[in-house]
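Two complexes come next, and they have one chain in common, subunit A, joined by subunit B in the first and subunit C in the second.
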Partner chain A sequence: MSPRLFLQVLSLEARNRLSYRAEFWLNALVGFGVEFAVVYFLWSSMFRESGKQEIGGFDLQGMVTYYLAVILLGKLVRTQRFEGGVSTDIYEGGLNRYLVFPAGYFPFKYAQHLGGLVPAVVQFLLFALVVAFFLDVPPELRPSPTSALMALAAIAVANLLYYLLDYAIQLVAFWADNVWSLDVAKWFVASLLGGFMVPLSVFPAWLVPWLEALPFRFFFDFPARVLLGQIEPAEWARGLVVALAWCGVLALVGRGVWRRGVEQYAGVGI
Partner chain B sequence: MIQVHKLSKAFTVHKKDPGLLGSVRSLFRREQVVKQAVREVSLSIEEGEIVGLIGANGAGKTTLIKMLAGIIVPSAGEATVLGHVPWKRDDRFRQQIALIMGQKAQLWWDLPAADCFLLLKEIYRLPEAQYRETLDYLTEVLGVREQLNIQIRRLSLGERMKMELLAALLHSPRVVFLDEPTIGLDLTAQRAIREFILQYREQHRPAMLVTSHYMEDIQRLCERILIIREGELIYDGSLRQVMEKFATHKRITVHLRPDKPVPELSAELRALGEVLQRDAELVKVEVPRADVPAASAKLLQELPAADLVIDELDIGTVIERILSQRAEVPASELPASEPSAS
Partner chain C sequence: MTRYLRLYASFLRFSFSRSLEFRLDFFFRVGMDALWYAVHLVFFGVLFQHTGALGGWNLDQVLVFAAALFFVDAIYMTVFSNNMWMLPILINRGDLDYYLVRPVSPLFFLSVRDFAANSFLNLVLAVSILAWALLRYPEPLPLLSVAAFGVLLLLGALLTYTMGMLFTIPIFWLHSKSGLREVGWSLGRLGARPHRIYTGWTRTLLLTLLPYAFVASYPVYVLFNGPSWQALAHTAAVVGGAFTLMVLFWRQGLRAYSSASS
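Let's turn to the complex of A and B:
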């Protein structure tokens, strides 16, 4: 696919998604406000009840900051569900048109996915401003220009990795009548082992090497810690290389699943 | 341009018993059923030809088209379109074909048509000048200039179909597959689409394969038709010849004189053929072609006739009978298994 076509698909999808104003604000307020309120009250009471000053290396203020970072950047990493997703294309026959076009299916969908993220980027920037001006972030966790730039790369890789995992799972629709449960399982595993539900440092020490061997930590934990300045440049570079290697593995899996799936695709209807 | 040799497609579908118990049982054991959608179809289509593909629902028309457009992979057999094997999906092949499905929108619903076309311009890598010229021509002929900036989902069915046609032809394809292009459209829109297809054929000479349930489409567009029944190609030839081969009967209508009582039909008369209608005004019978003179004479002799009319069955009725298996297909009329040389 030519870069020009990729950008055009991205831009069209972005314009399309930005035209849904109500969805934009609802998503922003509910997606951010509610999630943040829940973790704030939950962790406040956990610190209060346990009497501990520190859990998983964070005090209450640090923990709240971690969640702020994770919820904000999570918007840029998680797949924004929309009409015409991969499994919908397979179930409803929308895939037909892409098989007839002289353009690859994956780049097309990834460009659409990135375009669909544009509202999330706007929301991210809006909330980042709110956080910067109105919330009390501990000085040692305030992002510096360097950590912000490093985080940008970590978020971009996290986004690609998450999309590749999502894509491979959605392709199961070639065989299964429904991929919804797989989707839920994916989110549960990714959010638990990726640091969205709790920081990975909260897990017992013996589990940490296992968590580090898996790709999930690159979704939320790694970019959040990079943003909060907790990761040194050398570790950051190493992390990016490992995450990109995981991208390669998932891309190969996706390619294999696609090839087999499309061989027996029925195109809906006889 | 299109060569097909013994192409077959079988689908495996899961069968599930009705009711809650059936659903629970299917959790543990699923019965698989193989459905043969297309059986050993052979054909060839040349440049500039518009060929009609006719068959009942589920006969395998769409499956055949999807195989030729490269969307699905056949179970057996061979096909080449413009020298390419369709299901290998070579870009050089996809650059030269178009698929229009009346039942399934190909365009992006949320986008205005103009944006869809710009996207297609990039997908097919059309030079600016060629794109402008083709777009101008097609919008003019289809009369959709005013609707270019309206979201596809807000267009009427007829307007949407015109946009679909326009989108499919922007890159001047050499092979066009049209799967029920006029379905659900009103008569005016149907006519407009048909006229446009004919005009396009004159100027670009593509090979076109059209399916439609409307006989008007087939009669107006196609000189040649393919009839497919339960996945098998049972006729490949001209529309005119279908009548000669399959219209084995004619209808005789006798208009009765109002001043005479209506007589009972004699057993001999009833034995001539099937009596389709009999009332105070007319008697209508369907008889084998060869028996028309004798039957006419007999009818005139026995009935107080004011007038007598002999009709051919209309093409729609003939094809409906072939499809519903009420018309026998003589063995000699089956299409040759080898496609004709191009």
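Let's turn to the complex of A and C:
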């Protein structure tokens, strides 16, 4: 797939996502506000009722900052409302046209996925500005230019990893009548084991090494800690290599599933 | 009334036979909900590694709250969710006409026509978890409190549906993909935590205008603090008020509906 075509697909998808602007911004504002409110009240209650000054290495202010980072980064890692794309193509027979396109299916879909990321980037920047101006981020957790650059790379890899996992799951549509449940199940697992629901350091100490051996931590916990300056450059580089290795594994899985699926794809949809 | 019950029995028969056509989806959906239950239980379990209480409740009480949440969600997923999912599509495509000419209430028809038989097993699972959470509770629970708790949970399921409809109905005017459904989902997350973790006007809001506290948290509060006429009347007023508002809103929506290509 030529870079020009890739960028054209990306641009088309970005414009498509912004077609319902009022709805888009309302969803974004309410979603962000509610997620922040739930986290703030939950952890305020936790610190108040436990009488502790520190949980999982964070005080209350630090914990709220961690969640803000995760909520904002999460917008860039899991681009929303596209997850039905691949399976819908299979169910509705729309895959046929892609099979005769002079471009691969995966790069085409990935370009669309990145196009869907454009509104998320706008949201991220605006909400990050609001956070920077109005909320009191502890000095030790304030992102530096270096940590921001390191986080950028971690987010890019997290986005690719999340997409590859999503792609492999969507391809199950070649055999299953509905993969929506698998999509949702993926989110449940990723949010718990990836550090979206609670930081991994809050889990019991004996469980943390097991969680760190799984790919899910690279979705939220790792990029957030990189942004907040809690990960040293050497650990960051090691983390990126491991995350990219997971990308390789998932790409191979996706490729294998695609080949088998296409072989028995009838082209008529369901 | 008998006619509606007969009609609902037909919906059930049809839904069960159709769900058997998609067996893999049946198992995926069961697995998904079971995973959702497990994730929540682990989440609260992890929190209680660091505290002895959350929103004034100990772990045993929070487990009952989580189980109540599963129960309400399972009812919603089984009875209403498929219908709510289809509603924006029917409105935007102008396919509502078919339902408007039927000799039954279109709101009833469109809200409960598709019974998610593949979620029914999850309802059984949710009931089992709720029974387990109540039975393992170390202190005796008065029968009257348990009965009030059961009734309030059913009202919680009705409220979940009502709030979902209130955020979906604007599609009659917005003509977007899903109306304000995502806004409703986001706000619904406020009800997935014990309402007493919230303070000040946020808690007041959750007990009045955005009554998500009544989905599961308030019924659990009544279970452990004993039912009072005041609590029951408060719940009935909020759920009844929200339902009436939804029906009026629905009628306004139907007036704005312009059939095909709307």
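Heads up, the rule we're going with is that the second predicted complex is superposed on the first by the 264 of 270 C-alpha atoms of A that agree within 3 Å, B and C clash if a C-alpha of one lies under 4 Å from a C-alpha of the other, contacts with A are read in each partner's own complex, and residues count from 1 in each chain.
We adopt the following convention: a residue touches a chain if its C-beta (ideal position, glycine included) is under 8 Å from a C-beta of that chain, and two chains touch if they have at least 3 such contacts.
In this text, all values refer to a predicted model and were calculated from it rather than measured experimentally.
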| item | value |
| --- | --- |
| Subunit B versus subunit C as contact partner of A:N178, first or second or both or neither | second |
| First, second, both or neither for A:D136, with subunit B first and subunit C second | neither |
| Touched partner set for A:S2, first subunit B, second subunit C, both or neither | first |
| Partner chain(s) touched by A:N16 [first = subunit B, second = subunit C, both, neither] | first |
| Subunit A residues touched by each partner, larger count belonging to subunit B or subunit C | C |
| Subunit C-facing residues of subunit A, complex | 20, 23, 26-27, 30-31, 34-35, 37-38, 41-42, 44-46, 49-50, 52, 55-56, 175-179, 181-182, 184-185, 188-189, 191-192, 197-198, 202-204 |
| Partner subunit A, residues of subunit C touching it in the complex | 21-22, 24-25, 28-29, 31-32, 35-36, 39, 42-43, 46-47, 49-56, 174, 176-177, 180, 182-183, 186-187, 189-190, 192-193, 197-199, 202 |
| Residue ranges of subunit A touching subunit B (in the complex, touch as defined) | 2, 4-5, 8-9, 12, 16, 19, 83-84, 93, 96-97, 99-103, 262-267, 269-270 |
| Subunit B residues touching subunit A - in the complex, by the definition given at the top | 11, 35, 37, 58, 60, 62-63, 66, 69-73, 89, 91-92, 94-95, 97-99, 101, 103-104, 106, 108-111, 115, 118-119, 122-125 |
